[in-house]
Every structure is written in structure tokens, then in C-alpha cells.
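So that we are looking at the same thing, I have put the structure below in C-alpha cells.
The chains carry the letters A, B, C, D and E, assigned in the order they are written, with residues numbered from 1 in each.
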């Protein structure tokens, strides 16, 4: 589905002005410091789409993912699923939300109970949520394993997590995530801990689940190459210090990145081609250290690092506005020089 | 051919475990040419770090170097006595560790550790001299020397610690700096930044560097020469361009093809199968179960390194011709298919 | 820890102390055993007086009226504490509980600090050697010893020491804190005598705790040895002795220093059993005495000191940890 | 012959005695731990073992010989209603002040001892004369008078220090007399003290006991030199009237709390003297490893036994109690409880078993039931009561299997060991019984409150002077009464005292309360004999408990450190230095009894002569 | 929603059959690991030995407690394996009979301690907040209030007649430390990713506790269990000496006390057997516990258990 089409469909899950603010006490008699991990995010997820959420470490991706899965209650703002506010759901709607939104974590070892076999880990939710009859659970678990290409399934049933390779464990996580027939899966850096040679196969698996089961994916990463790979027809959302900086169709956004931060991010990505990579390319940022989220800069959060910053950037916070095909939160979006994936030699 | 800082010959490192023996490095021959940046790529567990630590004779227990030689200036480092080794370490070859976060003693300040390190090699040098040098280097890696020296490691961010480690590695002007995945735990932008600094150092000082990584992009950007490791073996070595453009080993070429890139939009093909279990390696060429071009001989016989181009070596039966087969006493039939 | 956090901790601490005080007070009054009755029995048989007469005499002798309502008793007790005195001993006319504690505490602290420091120092050194030289025979020897010493309850150690070194060989006095012929004070004979009398109790404590220190130190040190910074230091060419001193020991010691503080706090109450076996006039000894006499104020005072010591030790342990380990920043 | 008080008080006392380890006599004892230790012997805790060396009495009474030796008294005279005591004129307190009749008077003002229940007044006509004025309603016979007087330690309250409390007490007594002028039995000086005055008296007494000098002011041969929690050193009292006869420069008392530690010290020659008889193996080990030790056995005036709890309906049946008396193999209990102990064929009589033959008439003795070990007889008696034995267990007539609990005091090992064997014997006989050995701070109270079915204690004992009356007074009017849990009178002259069904020799009812009240004031010896015979007979019959065995205690001497003139010295090797129990009443028995400091003897202090 | 005829992705079904042989046997694996761990194995043998002694010993051995004074303090012989006591009774028989009470009390005290400690710790750790604060405050009180008078009171209020009650009293003051330890374990487990997933999947708290958390603290609990047995046994000896429980002459603690206190066991070399028998038994049992608990962690942790 193209972005344009989606406007007509109602989003499956919607975030309205969502903020998550952590409080941490520190220092002598001081007020607790407030960390805005996610600030005023508006964002919708449409059925069956793939959204890549990218940004530097600590910008709030995981927190945003946790909001979507319901693990983290937003400090402000509202999250609705199927048009119903999460805070106001009745028991049945809540059940449906719990089943509808699943997650896949980065560390596949930590995400599986080390004391339980794969069969135990996979059968429990099915049994608890009564997805199939009790006698069919075994069959179902085998099917799930086969779906995530762990064949023959019988070989994996009674293994403990440590007895599987990272790639296999990641597949088990996928199997668990789809076991409740979800509508959305939040995948938080699912491949960053997997060996390069195996990453693609996991990404391909996700893509196939997306296509065959029509599950929407939120793919959280800081690796733009994989983001681009998996969200080929979907959208990309770029976060910076808790806020969305740019969002739009992957092809269009990457072909023509508007936000200076995204441009910097793209410049930093090493391209696996020595001919391109060796072209000495500097990162268009004034400063390399991310400011602390505890006291983010006033105005545009990027301004101390942004080479294009001007006076108003220091005071006025830019809002997401449509520029060409994407939405960008930058005052000077239309003035910033175009940026190309292949640097001009 | 240019001069080599280190020449590794037939290096084998074993980890005898209760469950069996792990041969983490298997008869590796490898040169590190002076003044160049050489990269070693390979999946996790392929033996990169073990090789690095073997060069410094600091394989973690229960590992032991079972055979091989490591030549530095024509002398075998493995035969050095304790004192000589002590002098060799860090002043000739230094290292930036894979887990730089944990490479500093948490209860000592950076300053104390700097002084301790230098003093370990030269007891007479004055503290001022040491600190001057340290300050210079810290500035070089774009840190505030005053603040950093007084800090305990936990007060620094990951990127800062990594830069401190880089400064550390240059303290004694070593001939070779081994960089063991210096940026794995870091962000893209920080990573780019660190490599920027490293490139600068390389340019300014001409320091020889050996980079261990599994990030193909980084290799493309930074390295001049590339070695590819698989299951403890060095399977291919060559110039960075030739490795990327016409890799001779199926593993290398598959690897190159399975890396997503911002530049391409193709669907990628993963390398089939799973990573080898070092405790239970397949016979013959360890890659053969995953290799589409495998011949019968691959199942049976371990290939040997052959030269396929200028300064390009590969360890694969694909390139074995009749002459090779004869030399190795192989059945021609097997080799041909 | 921030001052705010500290204040909060101290607040909770005070609350715990108060609650402990109240509960201990009530508990003690509920203890079976009738103080007047017990004394009267003894009195009646010693002075050959009819028992009811003995009751009356005893009631007049002691500073305790069992018929006084408990709330009034508590009120008096609290009032006393607010004025900094812990009350009068019931059994012992004219002796305040403060005096008893003032007498007992120094002895306990004396044996305790020596034995803790000695066992700690030996223990950590043994432990780090065990970790460093994993293959040496030291490891199995000390491990076996440590397990044995934890397996044998400490009072058995006391008994065995007493039987062999005091009863059989008579190398050490069987009991007491110093010889009667010495005048307590800062004079050499007295101090030597005190030291001589403390030998067996101290050895008991040392034997009982040495193995534990060594084992935990070894455990910590082995973990530390696996840390990357040890390898890193080794590669940097830092000499082994420095690694041992500045890396292994320093890091492995941190958690132990806190347990040292905790131990100290917990043992301020003294070991009733061990001090009784040696008739060593420390806190534990007096706790035993006061308990068997049901001397409520004295028990209260002794238990209060013990509880407060435990809590302060906890606090100090935490503070010490933050102080020693630059990584730790305590919250709340 | 008035003593010139001014002369004495002006003469400066000699310098503080110097501490000297030669001629020191070391033994074990106890006293309150510092800081509890203080100088007022009546403050709780007292002075401990040192008391008998620090304070002098009017008369010293030796329990086993029943003799009175004048000490502070120089002479005495009994008239019909008075006992007149003349004090020694050279007696002085350790601070130099003379000891006068006022001091004795002060003692009785502040100490309401047993003798005061028989008095109406104490008078001090001059500085050296004390007159005990007996109440005419309770005027004891002479021997009794002396016994009552001699059990008190009169030289303990110096009037020049505590006079104000004695005067105050006197004044309160006078007021009380005014308010209730009629004579009342069993009260202090025959005066019933009104509650308001009693309160004031209590307060006065509390003030007195709070008035504590750091060390006691002594009237006896020794005074305190130093005290810590394990050692106390006493040195000669320089003012003691008989100081030339005091043999040791100092007494060194060790407080050794662990019993095995006491033995260890004795064995290793650290103690010159020790009283108590350890188990046979300890004794043998001690004698074997230290050739200088000699152990003298002597009869204790107490037995180890147990009382039945009459509050339990099952024990209210006398026949059942009698049956139980045949169940115990007392010699086996004795073997474990105290190997040297002596069992008696009779059971509990209220009197010390070894004195039975001298105190009771032959006739009575022959009539008394003997309870020797006889399970068959017990079985027969129980079956007569309707009990049945099934599967090795006895069932009550109602079919229940009783389970008994015996209480014992943990700190008293001979009691625990005896109790354990007794429980085992009952269990083996078919009545399941367990022993609860409870802490000293709980067990007596529990026993007094009837928490156990049986409780182990001293039985058939005399504290103080040896007299059947004393034993029975203790049994019926003191703690045993509570342990047995007799029903009591709720009103009348015997209010609060036990109500019993004792049957005398001729089937007549006998009442212990009457006995206790009347015995001391019965001047006819034959009448007293008859009363005692009846009581002993009745109590033996009633089986209020079991007398396991009469205790035998010992006196140990380190004959190398001390020297000369020992009893049975020539028989040491014959008996391997563990001297046998001498025959009751013999010269040797008396000599040995005198050696036992546990009985308040000063023998060592005066009669020992160094090598 | 899904039928059995298609996989979640809509592909045709393959029927999978359950094969019992593939399912690993956790119990067998547990013992195999213990067997492989030398120390733990020795520990297990020691504990089993004592267990057999307690269970079958009194059935096999007849103990005659009649006083035989002339046979006291005999050395070991065929008739008396460990010699005799101060009253001529068989020491070995007493040790065997004593083991039953000692172990029973230790076992139950430990059981109750574990039950209370785990419940309080789990509830406190899972619910957190004010509830946790209050529970922990109470727990801390139990740690600071002297146990000794408290135990005396409890013992006086309920007269101890059977080992179970004795055990209850012993555990009353032992659970607090355990509760704190469990709580901190729960705290850290709560943050673990696999628990988070359960919450996302909407699995109930009951399920999370019983199936996800418990297996992870099971080995800790087992180790504590064994260690509490140790502690309880030592404490029970103390309580019995205080007279808070029926005096059992065969209790190891009582034997020890008798040997030292008033029977001359320590003064008679032949009495050393009587003195040492309970000491050796207590120490051996403790050592067995320590060894065995060392191995439990290995054996309960699949990672260490199945080292492949």
C-alpha cells in the first residue's frame, strides 16, 4: 500500500501527542531530573504496513515501541487501538489489544526463559489464550516452528534456548510473536545481535510474515541499510531526542532526505562498496555528541549540532509539516541542499 | 612486496574444553604489511579475537597456542622470554579491545592507569612527561584531557571510552595497533566519527593497523587489505577492491551479497545453513555444507591456500586444477565435478 | 547518596528503631518467667524465709513493680531514653543500664575488631592467592577448611578450644577478660593480661570466619580475573604484582568491605553462646545474664544497642560502598 | 564497761592492706558481675560467696553438727521470755567503728527474718547487750531460740552508716503498733502492719538497699580488695576482732560459670579447695591427673527427687501415687544422677533421710512403708485401680493413655539426668513420659504454676539449721507446696496454707500447719517427738513425690598447696584419695562437714595451718 | 480464527506426531549432573545416608535406654559401634534415633521458612509500591528484633509437643532474610525481557509467577532450603537446651551438651566417642548439605546441565 492509500484506511493503532517522561532523582535536594524519552509523538500504524523506526541510540525508539505494545504507559497523550483509547478499554477490548500487538526483542537469549524448553515457551501463550484446543497445541507449536523455517520442528521442541543459535532463537521469538495471530509486531532491533551472514534470512522471514499473514511490522533499528531493506514499500520514521524528525515513504525519503539529521545519519552509514565508501565523506554535523535527553536544547533539538541552524531554530520548535512526499520537522526543510546517497566525486 | 610488521605462520590455537576441543585458529598464515590497514572479517566465533590475542600471547584460559610462529622483526614472538615479552607488549603492538567499555579498571582513574601503563615499560620516565603525552593524545582523539584524566571510567560515555582506549593504544608509539571491533557497541554517528579519527591517525602517523570486524561496510570504507576468516581458518586474503569485486571464495562472495546496502534495492540471498559449531566441525572444508559450489572433494579434504591473483590468496577447492590435485594427491574426478 | 536520600534512609532507620523498641518492649514483658518469683525462691532458700515473706522482701529490693500498668512502664522507659538514659537495672540496685553497656561494649568491640580485622586480612589474602594460583594445593586445602569451618557451629569450636587449650593444656585462662590482680587502665600489665585473656575468644571468631572471607574473596577474585580489564592490563604490560594489587584485590575487595561493616554491626550484640562459654564480659554475655534474670530494662537496653548497631552498620555499609566504588551511585 | 567510742574512732585505721599472693587461698564462688557489684549486702545480688567471710554472725551454726559457736556474741543467757546476748567488746567494722548492740538492732529493724516472727521486741540496754524479747504466745524452747537466732548474719548493717533507715523503720513499727495493738501470729514483732505503713516501709527499705558504698563495710575476717567478673580478691580485715587466728593473707575467689571449667581448674591445681562431687569419671580423671587432690565425701542435707502435681486429678488419687513409687529403680537413677548418692528404703518423708534414724523413733521407722523397686507390685496396684495394660501401655480406667511431662531445670544437671532416667523408667513401665528441661528462668515458675505433671527439685531438704521442723516448714510453707499444688485454706488462721489429708500413725488426721505453728513453741521434747513421728509417717504414706536419693557432696582439697592434719590422712592411699562417706555423726563426719564452705563454714579461714 | 487445516500463514498442514523419546528427562538429567559433579555427588550420598538413617534406622535398630552404669563410656566394639554413653547406653543407637527428630525438625522448619519467605518475597517483589514498603518494613523488623526472647514467648504460649510445632517456631525468625533475598531476585527477574513478553501477551500474574519466575528461582530456593535445614538444626539444638522443647536425650545437641556439661565425657578419653559422635554427625550433615547445594545450581540450570 502506498502512503496515499493509507490515508483512507483508518489506522490500526494510533498515537496522539504521546510523551513518555522518566523521572530520576539525583543530586543534593534537587528536583528529580525529567528525561523526555518520547515527546509529543503523533503516529499511526496501518494494517499490514512496515514502518521502520530509526535514530541514534537513546533517542527513544525502544520507549516508543514499549508504548505501542502497552508495556509503557504514556505520561501524556493517548494510544488507541482499533479506534478505542487504551485507557478506556473494557476487558475484552484489552484482551484483543494484548493479542493484537506483539513484540520481538533484540536479545533473543534474554527474551526466552532459560529454564523452559522451546515447547514450553511456545505452548504457554496458546494454551493460556485458548487459541486452539488443548489436544491441538502440539500440532500448533510444530506448525509455528515450521512457519519460521525451523525444520523439522520436532528437533527444536525440547531444546533449551542456550542450545539454539542466535538466528534460531530469533526465529523462535518470531514464532512466539505470531502465535496469537497478531495484527502488529514491534520488532526492536531483531537482527542487531545476529551474525551478518544470517541477518538477511531473518529479515526475509519478517517480510514473508508481513506479506502472508498481513501483519504490520514496526521495525526499530539504527541500521538504515536494513531499515531500507525491510521497509521497501513501507514508511520510515526518523527520531531524534524523543521527537519525530522526518517520516514518509522509504523510497522517497531516502531518495531525497530533507532533515539535516537524517542526512547526517545517512552519511555515517558505511556502504559495503569500497569504491563508494572510500570517497571521503564528512558527516554534516557540527558536533558528534548527542545532548542529554535530561535537558534537551530549546527550539529545534538539533540546532546545536545542525550546520544549517539559524536564529529561529534556537527558539521555535519545528512541527512535522509536509514537504514533498514526506513530513519533516525542520524550519528550513525546503532550503537545505539536496543530499545524495552516492556522494559526488 | 612491502615489509611486514608481523608474519603469522601456521598459527593454531586450541581451547580444550570439557565438551571437546575447540580449534579457534587453525593453521593460519597471515602477514600484516607495514603501514597498511588490514581488516579481518568473519562471522562471530570465527577466531578473529583469538588471533589478535595470540599475537600478544594473551589467549584467555583455557586456550593455548598449540603450534605456529609469529614473527616480529624476524624473531618468533612465541619464543620471547617473559621480560622480552613484557617489553614487546603495548610498545610494539597495542590493541583496542572489542569490549572497550570494560577494558579499563573501574576503580582507578584514567590518569592512574595511564601512568601505570607507561611506568610498566619505562620506570624512569617522569610523571609530567607521561601526562603531557597523554594529554596530547587525548586532544588528538578530540577529548578534553583535563576532565578525562581525572575521571573514573564509568564517568565517560561509550564513545569517549573507546576514544580513550585509542589514545591509550598510541601511548608508547607502537608499530601495530590491533583494533578488535572498536565500534560494535556504538552508534552509527559515533562509529563514523571514531573511524574518522582512526583514519586521521593512520594518515598522520602511518601506524599499521589490524582491524577485526564483521561489518562489511566498515571494511569497505576503512581497510586496504582484507582477510576473511571462517571457522578458525583464513579462507581468503586480498586487496580490498579485489575481495569486494571478485571474491574467489564462495563464502566471501556470498557474504558480500548478503549485506543490505543503502545503494541497492535488490532482494538479497542469505547464506544458507547455520554457522558452524566449532565443537563438531564438518569434515573437509568446513564451509562445504553451506556451499552451493561444493565438490565431492570438499567433503573429504581440507583445502590449502592458493594464490589466485596479485597478493590474493584463497583457501578453496574451486581453484584446484589438475596440477594442484596431483600435488595434493587428490583424485582427479573429485576435483573436477 | 544524596543528602536527601540519606535523610530518607535515616528517617526509615529511626522508624525501624522505634518499632523495634516498642515490639521488643512488649515481647520482653510477655516472656515467660517471673522475675520476682525467681528471686524470691532463691531468697527464701538462702535466707530460710517463708516464700511469701521472701516475695515481699524482693519486691522491696528491686526497682520493678510487676503490677505497674504496661503503658506506664513504657512511658517511663521512653521518657528515660529521650533523656539519654536507658533506665535502671532491676536486679542491681543503683546500676544504670548505661553503665552495664558502658562496661560490656568495650570488651566486645575489642575482641570483635581484632578478630574481624585479622580474619579479614588473612582471609582476603588467602582468597586472592587461591584465585591467582588456581592450580596450587592451597586452593583445595583452604576450600576444605572453609567448608569445614562453616559446617562446624562456632560454639563447638569454642568448646574444643576450651577443652584443649584451657582445660587440658592450661595454656590460656579458662575465662574472663583480665587478671584480677591488674588495675584496669592504661598500664602495660593490664593490657597484656587483657590480650592474653582475649586469645581464645578471638581465635574462635577467627577460625569461624576466616574460611568464609577466603572463599568469598576467591569467588570475587575469580570473577574479576575473567573481566576484560584484567586481560587488557595484562596486554598493556602491567606487571603481575600490580594487576594483583590494583586490579584483582581492589575490585574484589569492594563487596567484602561492606560485608565487613555489616558483620561488625551484627556482632556488636556479641555472641551470647561464645561469650558465655568464655565468661567474657561482653554484650552477649550480659544479654545472657540479663535474660536469665529477666532484667527487663537491661535486656531492652542491650537489645536496643544491638539493633541500632545493625541498622547503623547497614547504613555505613551502603555509604562505604558508594564511597569505595566509584561506579555506584545510590538512589533513594 | 562502756566502750570509749571516741577513742576508737579517733585512732587512725592502718594503711590499706597490701596485696600479697603468698598465703592466698583460692576457691570458686560467685558474686554479681561488675558493675552490678556494690557494697550493700542487701542490695539485690548481695555480695555472693564472699558474704560468709566478710560478715560475722552472733553465733555460727554448723549444720551437720548442730552446734552453735559464739562469734560476735561473747556469751548469752536464756530466761523465760528473753534471750540476752552479750557482745564482744573488741569487735569492729572494717572502717574502724566498733560493733555495738545498735548494729544488731539495726539488722533486725531492717531484716524481717524468721526469728522476728517470734519476737515482740529487741532491746539494747547498753552498747554490748542485745535482748531478744520473745512473744509469750510463741515462745520457742531454748534450742529453737538459738537455732532461729543463729541462722541470721547479724553483723551486716553498720548503724553508723545505715542508722537512719533503721530508725525510720522503728518509728514506722511504733506507728503500726499504735494502729493495730493486738498481737498477731507469724508477723514481724507480732504486729500486723497496716497497708499504708507497709508502703512506707517498702520505700524505706528500697532507699536502704539503694544506699550502696562501692565495697561492703565488713564485720568478718576479710574485706574486698578487688572484684571483676571472674575473680574476686578478699584481704584480711585489719580490724577483725580475731585477726590473729585468720590464717590466710587473702582469699582468692574465682567465678567459674561453666561446670566443666570448674573441674578443669581443680584438676590443674588452680583451686585449693572445691566443694561438690562430680560424676565418677570426672572425679577419677581429676584424682588421677593431679596427685595432690583429695576428695572427701559427705552427706548433703538434701535429696534429689520430684514432686507430683496434685492439681492434676490423676495425682489426687493417693493409691495411684503409691503405685508409682514402686515403679522407680532408684539405684539406677542414682547411678546417673550422682553415683555417690545414697538411696533410702523409704520415700519422701519431708525429712533428711540420713537423719531419719536419729530423729524418728525406732517404732515409727518400723511401721513406715518401704518403697523398694517392685514393678510387679505397682502393676498389681494399678490393676486394682482399674488400669489396664495393653500393647505395653497403661490405660486409665476411662481408657485413656496418660502422657506425663516431667519438668527439670536445665542448669541443674544432676536433676536433669535423674529426671531423664525417671522418665525413661516410667515410659518403659508403660506410662509414656517425657522430660522438659527448661531454662532456670522459666522452669521454677512453671513448676510453681503446675505446668508439669511432675517437677524435679530438691526434696526432703533442710536449708538453714538442721531440724525436722525446718524441713517440714520448707516443704509445706515454701516452694514445694506450690510445686505440689495442695488445695489451700481460703480463710481462717491457716489462710493460704495447704489443706491436706495426712493420716498419722494411729489413723488420726495430722495437719502440717499445726505442726509448723506449734513445734517451736512446744517445750515438751516427747510431745515434739510424737508430732514429728506422725508427720514423717503420714508424708511417707501420702507419696507427694519421689525421693530418688540423698545427695552426697564432697570437699576437695589440694593437699600440696595446703597442709596438714587432714581427716583420714593415713587412709588416702587405701582409698586412692577418694575418701568414702563417713558414718553419720562420727568425729570424721563432723570434721569433713566443717570443711565444706558450701555450708557456710569458716573452717578453712581459722583452722587451716600452712605447710 | 485459525482452523487446523492450515498453518498460520495459510499453507497446507503437515500432521506432527508427538514422540516421547525426543522429550528429555529432566529428573534423569538432574541426577546425571549431580553424579558428574564430584562434590555434589558426595554431598548427596551423605544426605541420603542420613535420610536412610532417620527413616529406617529406628526400624532396624533397637535402642535400649536402661541405665547400665558399669558399662558406661565403653570404646567402640561390635556390640556398640560407637561405644556407650555415660549411663552405659549405645551411642550409635542414640545417634540413629536422634537423627529422626533432628532431620524432621530441620526439614519442616526449612519448609515453613521457604514457604513464608518465598510468598512474602514474591508478593512484595511483584506488587511493589506501598505494599512492598510495608512488607519490607515488617520483614526488617523481624531481622532486627531479637529472636531469642521472641522464641521463648512463642514456645511458652504454645507448648511444643511435636516436631512440626517446633519447626514452626524455628521458622518464625528465619523467613525474613529469605524473603528479602527472594524479593530482590524477583525485582531483577521482573525486568527481564522474557517476563516483559508475557506481559505484552497478556498472560496472567499467576502464570507468570508459577511458570516463568519460579523455575528461575527454583535452584536458589532449593539451595536456601538445604541451608535452612542446616541452620534450623543448629538452632533447634539451642532451643532444646533452653528447655523450649521436650528434652530428648538422643538429640545430637543434647548429646553434645551432656558430654560436655556434666557427665565427664570430655574428661575421659573413652568418653570422646560420645562427645565426638554428635559433633561429627552434625558437621558431616552440614558438610553434605554444603556440598550438595553446590551442585544443585548446576543441576537445575539447563545451561549447565546439558552442556552441548
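In this text, contacts are C-beta pairs under 8 Å (C-beta built on N, C-alpha and C of every residue); 3 or more make two chains touch, one makes a residue touch a chain.
As the structure is a computational prediction, the values presented were derived from the model and not from experiment.
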* To do: Spell out the chains that contact chain B while also contacting chain E.
  => A, C
* Relative to chain A, which chain has the most distant C-alpha mean position? -> D
* Structure fact -> Chains joined by the largest number of C-beta pairs are C-D
* Structure fact -> Expressed in whole Å, how far the mean CA point of chain A lies from that of chain E is 48
* Structure fact -> Taking each chain's mean CA coordinate, chain A and chain C are separated, in whole Å, by 56
* Please work out the Cα centroid separation of chain B and chain D, and write it as a whole number of Å. => 93
* **Rounded Å distance between chain C and chain D, as computed from the means of their C-alpha atoms** => 40
* Indicate the residues of chain C shared as contacts by at least two other chains. => 32-33, 163, 167, 291
* Structure fact -> Expected list for chain D, residues touching two or more other chains, is 260, 267, 439, 442
* Structure fact -> Residue set of chain B touching chain C in the complex reads 53, 56, 58, 60, 86-87, 89-91, 94-95, 97, 99, 102-108, 116-117, 120-121, 152, 154-155, 168
* **Residues of chain E touching chain C in the complex** => 137, 140-141, 143-146, 148-150, 152-153, 156, 234, 238, 256, 260, 266, 279, 282-284, 286-287, 290-291
* To do: Note which residues of chain E are touching chain A in the complex, please.
  => 1-2, 4, 7-11, 13-16, 18-19, 22-24, 192-194, 196-204, 207, 211-212, 215-216, 218, 300-303, 306, 308
* Structure fact -> Given the complex, residues on chain C that touch chain D span 32-34, 37-39, 41, 44-53, 56-63, 89-95, 99-100, 102-103, 162-163, 166-168, 170, 174-181, 183-184, 276-277, 279, 281, 286, 289, 291-294
* Contact residues on chain C for chain E in the complex? -> 12, 15-16, 19-20, 23-24, 27-28, 30-33, 147-148, 150-153, 156, 159, 163, 167, 269, 272-273, 287, 291, 299, 303, 306-307, 310-311
